[in-house]
Amino acid sequence: MKSQISNVVSDFFFEYETQRQVLVRNRRVGVVCRLIQLGVLGYIIGWVFIYEKGYQSTDTAVSSVYTKMKGVGYTNRSGLEQIWDVADYVFPSQGDASFVVMTNFILTENQTMGKCPELPGKDNCSTDAECEEGRFKRHMTGLCLKQTGTCEVLAWCPVENDATIPDPPLLMSAENYTLFIKNSITFPLFDVTRSNLVEGIDGKYISKCLYHPDNDPLCPIMRLGDIVKFSGFNFTTIAKVGGAIGILVDWTCNLDRAVRHCKPFYTFHGLYGNPGETDRARASVGYNFRYAKHYMEEGQAKRTLIKVFGIRIDIIVQSLARKFDIIPTLTAIGSGVGIFGVATIVCDLVLLYVLPKREFYKNMKYKYTDTHQQDVDSEEGSTEKEADTIEKEAAKE
Amino acid sequence: MKSQISNVVSDFFFEYETQRQVLVRNRRVGVVCRLIQLGVLGYIIGWVFIYEKGYQSTDTAVSSVYTKMKGVGYTNRSGLEQIWDVADYVFPSQGDASFVVMTNFILTENQTMGKCPELPGKDNCSTDAECEEGRFKRHMTGLCLKQTGTCEVLAWCPVENDATIPDPPLLMSAENYTLFIKNSITFPLFDVTRSNLVEGIDGKYISKCLYHPDNDPLCPIMRLGDIVKFSGFNFTTIAKVGGAIGILVDWTCNLDRAVRHCKPFYTFHGLYGNPGETDRARASVGYNFRYAKHYMEEGQAKRTLIKVFGIRIDIIVQSLARKFDIIPTLTAIGSGVGIFGVATIVCDLVLLYVLPKREFYKNMKYKYTDTHQQDVDSEEGSTEKEADTIEKEAAKE
Amino acid sequence: MKSQISNVVSDFFFEYETQRQVLVRNRRVGVVCRLIQLGVLGYIIGWVFIYEKGYQSTDTAVSSVYTKMKGVGYTNRSGLEQIWDVADYVFPSQGDASFVVMTNFILTENQTMGKCPELPGKDNCSTDAECEEGRFKRHMTGLCLKQTGTCEVLAWCPVENDATIPDPPLLMSAENYTLFIKNSITFPLFDVTRSNLVEGIDGKYISKCLYHPDNDPLCPIMRLGDIVKFSGFNFTTIAKVGGAIGILVDWTCNLDRAVRHCKPFYTFHGLYGNPGETDRARASVGYNFRYAKHYMEEGQAKRTLIKVFGIRIDIIVQSLARKFDIIPTLTAIGSGVGIFGVATIVCDLVLLYVLPKREFYKNMKYKYTDTHQQDVDSEEGSTEKEADTIEKEAAKE
């Protein structure tokens, strides 16, 4: 019993199976098939491996972004000179990846909680009945004020008048603000951590550089006016009504090369309402929000309401790292061999069904086991001789 | 030499190899194998290609979200009528993807830095010794105040009393606020940019529509009360203690179709403490945070502390675009051919080891090279004749 | 006609093709090929299936994070005792995934808009001409003030003096603050929702636990001092100048096991300027931003400017779920069969080109169709006999 098993094992190890093949010497079929096979081989090597780098596995990064604006704005409203620094014009102040730089605003100062008339033009009325209590957008008191011809509302008074947006925008000086981006990414699969302050971007370089797509593509300091320009907006327009810009930080890294080649690439896009792109320029353009500074004056709660028009900047990190990995490599090779099989099938179809000598090749390729003679029809008469031989061989068992 | 190379090349191009095969005419094996092969074919075509769209490559989007709340809240606390507008009830104010809508609050006004007794019930004491200095949660002065029977603390005084949460919630009117979502996505691999303001969602439609899953599934304006309802919460409950809701914007796009079919799909989920789902309703429910408005009064720094209970809304963008790509197509075909090979192996096992005529089929399939006669054991006697023939052929070399 | 079709169909179903193979009995080739084949099989089963779990498809989660800090800070600046609570030291206050905990600060109180001299050391001047109007960083008035020897600027006055950072940091007590993290994730492909408050993490446990990597790895409450320590920073240093820490919440889940095994794993990393890691410790360290509290005093707008040095914490959720899926399973098997084919090709090359009896094996494996005798060169004389036989067979057609 034991020797039988060892026999089977030694048989298994000392034997080797290989397919028997027909070597068809036919110019037409040969050339066609070799070209198909070379095409498949070219596709696998050239496209899958070299162009698409199919031997690599991919990973996306987890990322963290910190931003810092610099620069001072200046407004002169009817002789009132004012300075706006970072603490005044950036929302939120703590340096998030998404923030708003105020470029224009409508101030409504000294608001107190109380009752006052609506603005002329809105909720015009002639009788109290028209000023129903509890309407959705305003809280009506139910009185129609004769003086203004508008309903009285319970609100922060005086009511904000945002009919006219200051033009030119009050903070055109925002064009010269600079944005500093710090971005740290980690590819967890490959355990690679990178910062956008790559090799060569040291404190000295940062202190004097300014981002330019061609000359300083790695400088993390960008002028706001440039950002707006690169994203296709006009600064005066966007500064007036606001807008949203995405700064895409693209980390496309081939980690088979030295890690120092893994560098960020910055691109700039209008996010909602990009001019000239029909599928982007849609229904809603502009960006604004309201913000209140609360204070107490003579025991009374007051606030300054600011309708902020600004440039919202979203730092969007997009990442794709690739590195050699045995699994995708062998998967690509394995499925490539499969496609080779498909090429062979195509050639076989030509050989067996298209060529004039197809019956001859069929005989070469196939051996028939005609033990169920009822299944054999006249077409296969030509195989009888071979079938006979087989019958004889089979009889010897 | 040159003619020899050209010979080899012409041989290579004018030749073509194809496998020699046995055509087994056996009803049982034939039916079994054909069914297995048809099953594999059906799986590859039906499942991998049609159902799972294995001929497509996939990409996820980079996205940017901007939100805007509208609506006015009204509170009447002991006769003090007050209005709450967007600048008062949304945190943060600049329209982030994640924000909180205040629905209830506990105000502690006119706090100044100083020393005052703890609230009764907390840190009760009878001797100074019980009021150790520098305890973790409060900063004790070490005095036990007789009047209140509690320790004295250094704190913003008076100390906030948040034992009782206002019920019903003060800002029930929040139910009628509306949320406007602007979402812009880009699939970098396919270079497709979409906005949730898709074709047909123009300014006119937006000005009057309200999101409804069946009637207006693409309207980007949603009533807060509806959002709460769709996510399975009760508005009164969530408004009182707060809660977190995720608005999932699902972009599942087949980019082989026209890009206008790539539309967002909104779903609503309770994020922490979803009622009725045991694995979601856990330990911590409610959502609150503290917020202070600082001001100066008569040279003294004061603040109004607000414990905000609110609905936190996270706009979560989930995206998956698919598009025809030659690589996954050929990989699927290639590995499909491989699985075909597995089917053949299974059939061969049946043919060679299960069928009664297995020895016959073995002879049909295999040709033996018995040059090492010591390896041939008695079982293979039936192959001797063929082996002999081979010996003779080999001898002719 | 109909019977002919049914004939073809029955032929198709009752037939089965299998390759004809040569069983080579040769110790050397056998052992080499079997080892190669076993290696491939071992790779497919061991590596692709067991180690890399190639039978599973993967998904990443959509996630939502809510944070809450607790603890009270205390400062004593020249006898002025002050308490800092959550509303004072966390930016922003609403519990975002990314926030800053203030640990040190430079206060500039009672700033009013006006004209005042620059700080000594900056913009030193001796004549008005040196103080050009409209310089970038400051808004000069064009006057050189004799008293200070510096230019006069239009600014919030007095100008902030941030030359000296308080050392030791003012809010060293921040070390004892605690951070509570709530994280909710959903794997959309597998429809699995999980919270970091997993089974067993109930209200009672949360009320007394403190995160520790070994003892309490699932406790969602972390001491700030521990977070800093785990991320490799020194608390005093980071508290003084600020820094950024990423808390990675890693959800690597095998959903073929019970869902309760899908648990978060917390790790801590310095984000910009991690000490000791050369590729992380770069150009910019420290973290600060400016923040203003505005108020009115005697009808005049004033502000308190705070330069905040703090620890920025980013909760970064990283997720990867795997679950059995038929498609990757069959793709892996299919391409595995393909790689098997590659192994066979390698063995064939050895058999046909390396072994001494290669001509013999070539004859065994190949059958030649030498109908174009002009293509046959002398090397292939040994195949003439077989070719003759074929010619005869072909003639019978």
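Just so it is clear, A, B and C label the chains in written order, and each chain counts residues from 1 on its own.
The criterion applied here is as follows: contacts are C-beta pairs under 8 Å (C-beta built on N, C-alpha and C of every residue); 3 or more make two chains touch, one makes a residue touch a chain.
What you are looking at is a predicted structure, and each value in this text was computed from that prediction instead of being measured.
Think of chain A turning onto chain C: fitted on CA atoms, that turn is 120 degrees, to the nearest 5.
Where chain B touches chain C, the two copies mostly use different residue numbers: shared numbers make up under half of all numbers in play. Taking each chain's centre as the mean of its C-alpha atoms, chain B lies 16 Å from chain C.
Residue positions 14-15, 17, 19-27, 92, 295-296, 331-332, 334-338, 341, 364, 366-367, 372, 375 of chain C are each in touch with at least two other chains.
The touching residues of chain A, when paired with chain B in their complex, are 7, 10-11, 14, 17, 19-27, 29-31, 33-34, 43, 47-48, 52, 54, 91-92, 98-100, 113, 136-139, 154-156, 244, 246, 248, 250, 269, 271-272, 277, 279-280, 282-284, 287, 289-292, 294-296, 299, 303, 305, 308, 312, 314, 316, 318, 331-332, 334-339, 341-342, 344, 347-348, 351, 364-372, 375-376, 390, 393-394, 396-397. Of all residues in chain A, those touching chain C in their complex are 12-27, 62-64, 66, 68, 70-72, 74, 81-83, 85-88, 92-97, 176, 182, 184, 186, 188, 193-195, 197, 201-203, 205-206, 259, 293, 295-297, 302, 304, 326-327, 330-338, 340-341, 357, 359-361, 363-364, 366-367, 372, 375, 377, 382, 385-386.
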